[in-house]
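In this document, chain identifiers A, B, C and D correspond to the written order of the chains, with residue numbering beginning at 1 in each.
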């Protein structure tokens, strides 16, 4: 069997998901043996940025024209495009306040500039191109990445959970931070797959994996607000890693 | 005759950047370290957020230094609210910081920098010929990650460390397992020194350089302390960091440049070893000698060696810490209670790549009204350009292909973290 | 039935004798809640507890369980590495034992689930009686007492535990520690009756299950379901903590670079939107309201048709564990048009 | 000896495991219709092959290594033993993986599951079989079973509708049935782009205009997509069919096939053990059934 040609490409982001790939220390050598890595700027200087790819893993969100152009080029040259990490899947932290005035934010950070910055409101990959598989997580979970590669090598897309973090939290028999401590734990609306990492450490879920398909954001927001958190702050927390559609806001 | 040396995409670094050098005859006209990373404006985004959300958000500035950003934000917030944490929390934070440093240095030394010395495009290619060396690097990298997982709850973007302490205290069993890994790590470090000592030398420029680092008061460390020291002999309180970083926006990048007394300065492992090397253990100092790291250094490539020395030292230190915790029996603790108040808190720490500053101003509900993050890479950019220029100047032949390679290696020796460098000052 | 008693202060001795043969798991306190955990010291065990976060079903049907290993050339090899762990659950409440009995039926019958059944045989159960709290309604569900499903059953008589011996294995346990047990006296019987009546008085929740299937049929289109659908987060907590929710999902994993892998089953919930979703996008329970209705309907109506009794045992876990306070007792009472949840 | 000293119970998992897939080899792949191939399978193990028995309307759980498991109706008739024929539509993970396999590759099979058609009840009656689209898959087994026991039935009528001739499952086989005098085989397509189609063109329910059905002596077996159920049921009820003389084969998500995993529950029945064949009367009594 020919090894699939793979690209691991970063748009604007923290490189956390690429780092998670490099963090698969025990599997890394098998991994690079099983696939043909063509383009991985973070790890190698021998990159082929033109030829066809069977799979492209794209990290980061689109925050500039440059990102958008790169993403479109990658889409054209690959068969399967995998959005790697919450930034790619949902827009991530950079989309947090994307409804705010971009030039004003820029000015706030860089002062008054007398040259053009290439910048646009942050977007997730699916807002620009077709995405074949979403691997959420900030950063992605190692086991899900490895399962994805193993499945792709078999010709399948992996099966990923699409239920809430609470489910995994309960499986681990944690005390509930929302019910018992009245904390704003985003577990009920965030997609599982992290084995309830945070609640298992007594830390409320911040929703770093983004919402599950069926998230009932409205009802959840009302519940958090019941516990004495201002609705405005509840929505802000919900919007940290993925935009909350206005229709879902109570 | 004008000539341009251009590296469009610097590989094997975190984030997106390039190098451009314009020569006129033999004279260097212009040297640029271009940063193309898109702006994410994180400091603007935290404004309005509650203090408790900040450490998680700012950790996303960068993955490799996520623990540093997370913990530095925590230190700044605790500074603003006057929070005192327990000695156990301090020890755990130190351990987490060292875990990150071990991971980051192992990644850089073995997977990013070493291929250059041996003429390979990547560690993947290197692994085909020298699997043992790469595996050694991976083992050390994993050790750093294991520490971060046990203490921070996750190897990238820690979740367990919060303002006031930790969500959960590592268990005896976890620490016990960690000790075993650290013991193995120590012998791996010794093997590392042997391997690195055989690398061919890489010397592209020698030029007097100013170094700066945080005095972590006490042991050679990364987290505690509030005074900055420079090799010029000057000192500075961390809260006055703006005097040092003194940033200015430059058109060719999304990152600003830092100068002190009109001179660029270098932060990072080499700076720390330069300033506080005498605090290192005998073993670490012997490793430095073995690797040919002679102080004072005027060669930025020495930063690679300094990282290796720190890596060994950190493993030794972490092992000692863990053994102490096992002896003394860690107690489950909960974070100390936080009462937000209006004011500004500033913190400096030594991230793997150098001094990192976070500063936040809060209103009385504890919501952020202003945020400022200055990363080591941002501070290093000017110095890096300074070293590029020296390397070009000092090269008699000026062969563009050779020079390009040298400049790339210098850039890489800085271990730049470009994602980090684009997060700058919020002006009020 | 053989009935003896054991002085409370001899329990630790009893436990240490049992520990020569079994690993003992018992409720342990966890920040104000309880969880069944392996004991390192008998002193960690809490026999007076309201309810554990997860029911004992986690021992018989773990949240994640490998069923087969697929190996090229060998086919699907049953996974049984983890099945032969021998242990005793010490301190199981009657409602939870009742629930295990229900699961016995579900995982038995024509198609015996060998994973469940093997664990069932390898795990001993020592029941313990309890005092209801404000969320318990096992009495309404007729699950406040059990006749089978335990090896030993303890009732607190003050200074000692009256011990019902339920199985021959239970009898062996008693025989192994024979000097610790004593015959019961007439005074003990009196005391038992008193305890039993006090327990009966202690319930504050009540639902009527007589003709509940009919009520469910009649209220199938009730707007209560839509209301609950708007509220429910589909978080799955209620199903995870329920001692008789047994839905599971099956998925195959593969190893890097081969076809070898495992067939794994995981707890699932009918509250998930994927539960009745089939290829092509057809979803038989698309709306959250129809899913939450299904959960109640299946328990209170479906199980009656299939097994002759509702599968809810009234342990109160889903009431305690629902972030949006959906309360089965209230729902039933509302369906009945009796909006009073509390008796007292 | 005390039980406590005995060894743990170990073996039954191997011995009697209803979830155990048995290896089966693909002996033929017939590309009937694009994305609807007919897979002929034979159990690897002689012992299993010889003991395998099923009834029309039952289904198998098909495992494709590395991909997973899915319920698939048995398309072949018990009267033609030795191999199993499965007509599989390519729709997702498991079926995709199956389509990547070739003759001689190995899959896993367990079953048969489900109630199947109540053949004891059907015997001695007229039989009306109505299928739309992929609904022919489970009904084909019944067709051949009935034809192979022709003497046990009175009249046999088959009505089958597809979008166009190219999408008709078992087309050649069914076309040849149309020539049989001992049954009435009515085939219809929505459209006939080629103009070669010699049978009916139009909507499936119009076939009733060509058949003479006596509801009092007939059992109707129906399978197809929801629209088929909707219109065929209308026709049958208009003919005054008794609700328990209408048999339908239903589909649900399934993970175990043996009444444990709960995915296929409808009201208080499981599609896998109480079905997949339900009478229309059952359907009326089970919420959400169709």
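Quick note on the criterion: contacts are C-beta pairs under 8 Å (C-beta built on N, C-alpha and C of every residue); 3 or more make two chains touch, one makes a residue touch a chain.
This is a predicted model, so every value here is computed, not measured.
J.: Consider the two chain pairs A-D and A-C; indicate the one with the greater count of contacting C-beta pairs.
T.: A-C
J.: Quick one: which chain's Cα centre is the longest way from chain A's?
T.: D
J.: Please report how many Å separate the Cα centroid of chain A from that of chain C, as a whole number.
T.: 37
J.: With centres defined as the mean C-alpha position, give me the chain A-chain D separation in Å.
T.: 42
J.: In whole angstrom, what separates the CA-based centres of chain B and chain C?
T.: A distance of 51 Å separates the two centres.
J.: With chain centres defined as C-alpha means, what is the inter-centre distance between chain B and chain D in Å?
T.: 64
J.: Could you list which residues of chain B touch at least two other chains?
T.: Answer for chain B, listing residues that touch two or more other chains: there are none.
J.: Which chain C residues reach two or more other chains?
T.: As it turns out, chain C has residues touching two or more other chains at 251, 254, 259, 261.
J.: Two-or-more-chain contact residues of chain D, please, as numbers and ranges.
T.: Residues 66-68 of chain D each touch two or more of the other chains.
J.: Graph shape for the chains shown, where an edge means the two chains touch. Line, ring, star, complete, or other?
T.: Here the contact pattern is something else, fitting no line, ring, star or complete shape.
J.: For chain A, which residues are in contact with chain D within the complex?
T.: Chain A residues touching chain D: 151, 154-157, 159.
J.: Can you list the chain A residues touching chain B in their complex?
T.: 10-20, 22-23, 25-26, 28-29, 32, 37, 40-47, 63-64, 66-67, 92-94, 96-97, 105-106, 108-111, 113, 115, 117-119, 122, 138-139, 197-198, 200-203, 206, 208, 233, 236-237, 240
J.: Under the touch definition given earlier, write down the residues of chain A that touch chain C in their complex.
T.: Where chain A meets chain C, its residues are 27, 30-31, 33-34, 146-147, 149-151, 153-154, 156, 159, 162-164, 166-167, 169-171, 173-176, 178-180, 187-189, 212-216, 218-220, 223.
J.: Taking the complex as given, what residues does chain C use to touch chain D?
T.: 21-22, 67-68, 70, 72, 75-76, 78, 80, 83-86, 106-107, 109-115, 117-118, 121-122, 168-169, 172-173, 175-176, 220, 246-252, 254, 259, 261, 263, 265, 268, 270, 275-280, 284-285, 290, 294, 297-298, 301-306
J.: Which of the residues in chain B come into contact with chain A in the complex?
T.: 9, 11-16, 36-45, 47-50, 53, 56-57, 60-64, 66, 107, 111-112, 115, 121-125, 127, 131, 134-135, 138-139, 141-142, 145, 153-157, 159-160, 162, 166-168, 249, 251, 254, 256, 334, 408, 419, 423-427
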